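By written order: A, B, C and D. Residues from 1 in each chain.
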Amino acid sequence: MATQPTPKATTEIETITPRFCETDALGHINNVSYAAWLEQGRMSYFMAHLDKDRNPFMMVKIEINYRNETFHGTDVEVHTHLARLGNSSLTLSQNIYQSGNHVVESATTLVNYDFTNKCSLPFNDEQRAQLSALMGN
Amino acid sequence: MATQPTPKATTEIETITPRFCETDALGHINNVSYAAWLEQGRMSYFMAHLDKDRNPFMMVKIEINYRNETFHGTDVEVHTHLARLGNSSLTLSQNIYQSGNHVVESATTLVNYDFTNKCSLPFNDEQRAQLSALMGN
Amino acid sequence: MATQPTPKATTEIETITPRFCETDALGHINNVSYAAWLEQGRMSYFMAHLDKDRNPFMMVKIEINYRNETFHGTDVEVHTHLARLGNSSLTLSQNIYQSGNHVVESATTLVNYDFTNKCSLPFNDEQRAQLSALMGN
Amino acid sequence: MATQPTPKATTEIETITPRFCETDALGHINNVSYAAWLEQGRMSYFMAHLDKDRNPFMMVKIEINYRNETFHGTDVEVHTHLARLGNSSLTLSQNIYQSGNHVVESATTLVNYDFTNKCSLPFNDEQRAQLSALMGN
């Protein structure tokens, strides 16, 4: 599922402060909040490394593996890197850490999408070069 | 603050199922969720009783009194009625109940707003008649 | 990933009203809310069909496939059924529909967990019989 | 309602990154999120300046004035200070800023509460001295 980045891949790290309202009656952070944190990590990755106007992605799939609990009171880090580059889609791999513990692994598949004609679009040469560089190739 | 409706006022009742992710580490529903539930109650009131295209309201203030805790596992009812009609603003009064307990009182002030010219607008005669009828006058 | 239930499997249907605050700046429901809706669907399934005190499950994985957008203003239905029964884990399969459109497929893996000794537990005969019946076997 | 702190009052500033899922279909941050941000501001204030174990507060009221919209893409600052000290309750005043704009004013009333006997408690001399110092008296 989620992978660790290769040494040359570009990794974006987003620090997030868990909110008290994100805890639940079990005393830990509720699983729903991870979806919000992972979205924040992807946003940071896009803003830092991609021209979003030229890369109109549509989210089609997310997988989240819960390895450990997280708690209120300590920041978490969301690490995001590009793990797969297909013909018209890509996969961002994400890992969340709290206090050095690896708590969540996740992978999100996004499609390069033509919102006008409602169909997927193969990456063009310019996009492919930029994305390959982010993968460390 | 929040008021009980007069006998002739129109009250809209929205039933909401608390979500498990809305609990917090104290074991009850977190205070933030009430803001979401009250918005749902206002939406239902507007959709049932007002033509929103003719009534472009802007929210300027909310007050929420927490009278009792609420819990996951039992639906709540959000009761909404029009409590005040001003020159260009109005106040919706809201009360939340769970298992017959009166748990929250709230009042929201909304302004009749001209989003193009960015200024408040006095209610016209048609609006005023409609709103007065909802108050039970 | 998510499956359609076999004819004999027990399916629980939870109706959810999307909240206005669940929309995002793209005009549709934000992807994070599906995680909350799916949790509601699983809660309803558990409360209707399983004795939670005897079944202390820990969530270890979720997959969500986004097939179509959803919008504010129309209720959604979350359909939940048991799709896989392992030695000490199970998979709940979930499908979300809005206005007859199949918008989301999801699968959640839960482990039968001993929270005291922090280890997974094989299902005992009683649990296995109950769960098999829910699968329609 | 919300006040500006006096020169000697202690103000805690919490920086928050708005999340994309906090936008709504109107393109701005939804009003519900302010309740979550204000709670974060209060938590930071408590953790920085008060011994929570000795100060078991219960939230009884919040008022939020919406002065301007906020948007995704720029951090906000939540400024929190103690504005009123009563016999057994206090009021925290909060102001939110984005890009130098004063966007939200809020006031929260908290009661010094005996959760065992379910009644409010007058502040003792030690608490009163500590709280008075935070107000700048």
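The criterion applied here is as follows: a residue touches a chain if its C-beta (ideal position, glycine included) is under 8 Å from a C-beta of that chain, and two chains touch if they have at least 3 such contacts.
Note that this is a predicted model, so its numbers are computed, not measured.
Asks: Does A-C or A-B have more contacting C-beta pairs?
Replies: A-C
Asks: Is the contact between chain C and chain D built from the same residue numbers on each copy (over half shared) or from different ones (under half shared)?
Replies: same
Asks: State the chain with the largest centre-to-centre distance from chain D, centres being mean CA positions.
Replies: It is C.
Asks: Roughly how many whole angstrom separate the Cα centroids of chain A and chain C?
Replies: The answer is 23 Å.
Asks: For chain A and chain B, what's the span in angstrom between their mean Cα positions?
Replies: Each chain reduced to its C-alpha mean, chain A and chain B end up 37 Å apart.
Asks: Residue numbers in chain D touching 2 or more other chains?
Replies: 20-21, 30-32, 36, 39
Asks: Quick one: in the complex, what on chain D touches chain A?
Replies: Listed in rising order, the residues are 16-17, 19-21, 36, 39-40, 43.
Asks: Which part of chain A faces chain C closely enough to touch in the complex?
Replies: Within the complex, chain A touches chain C at residues 30-32, 34-36, 39, 59-66.
Asks: Looking at the complex, which residues from chain D come into contact with chain C?
Replies: 20-21, 23-25, 27-28, 30-33, 72
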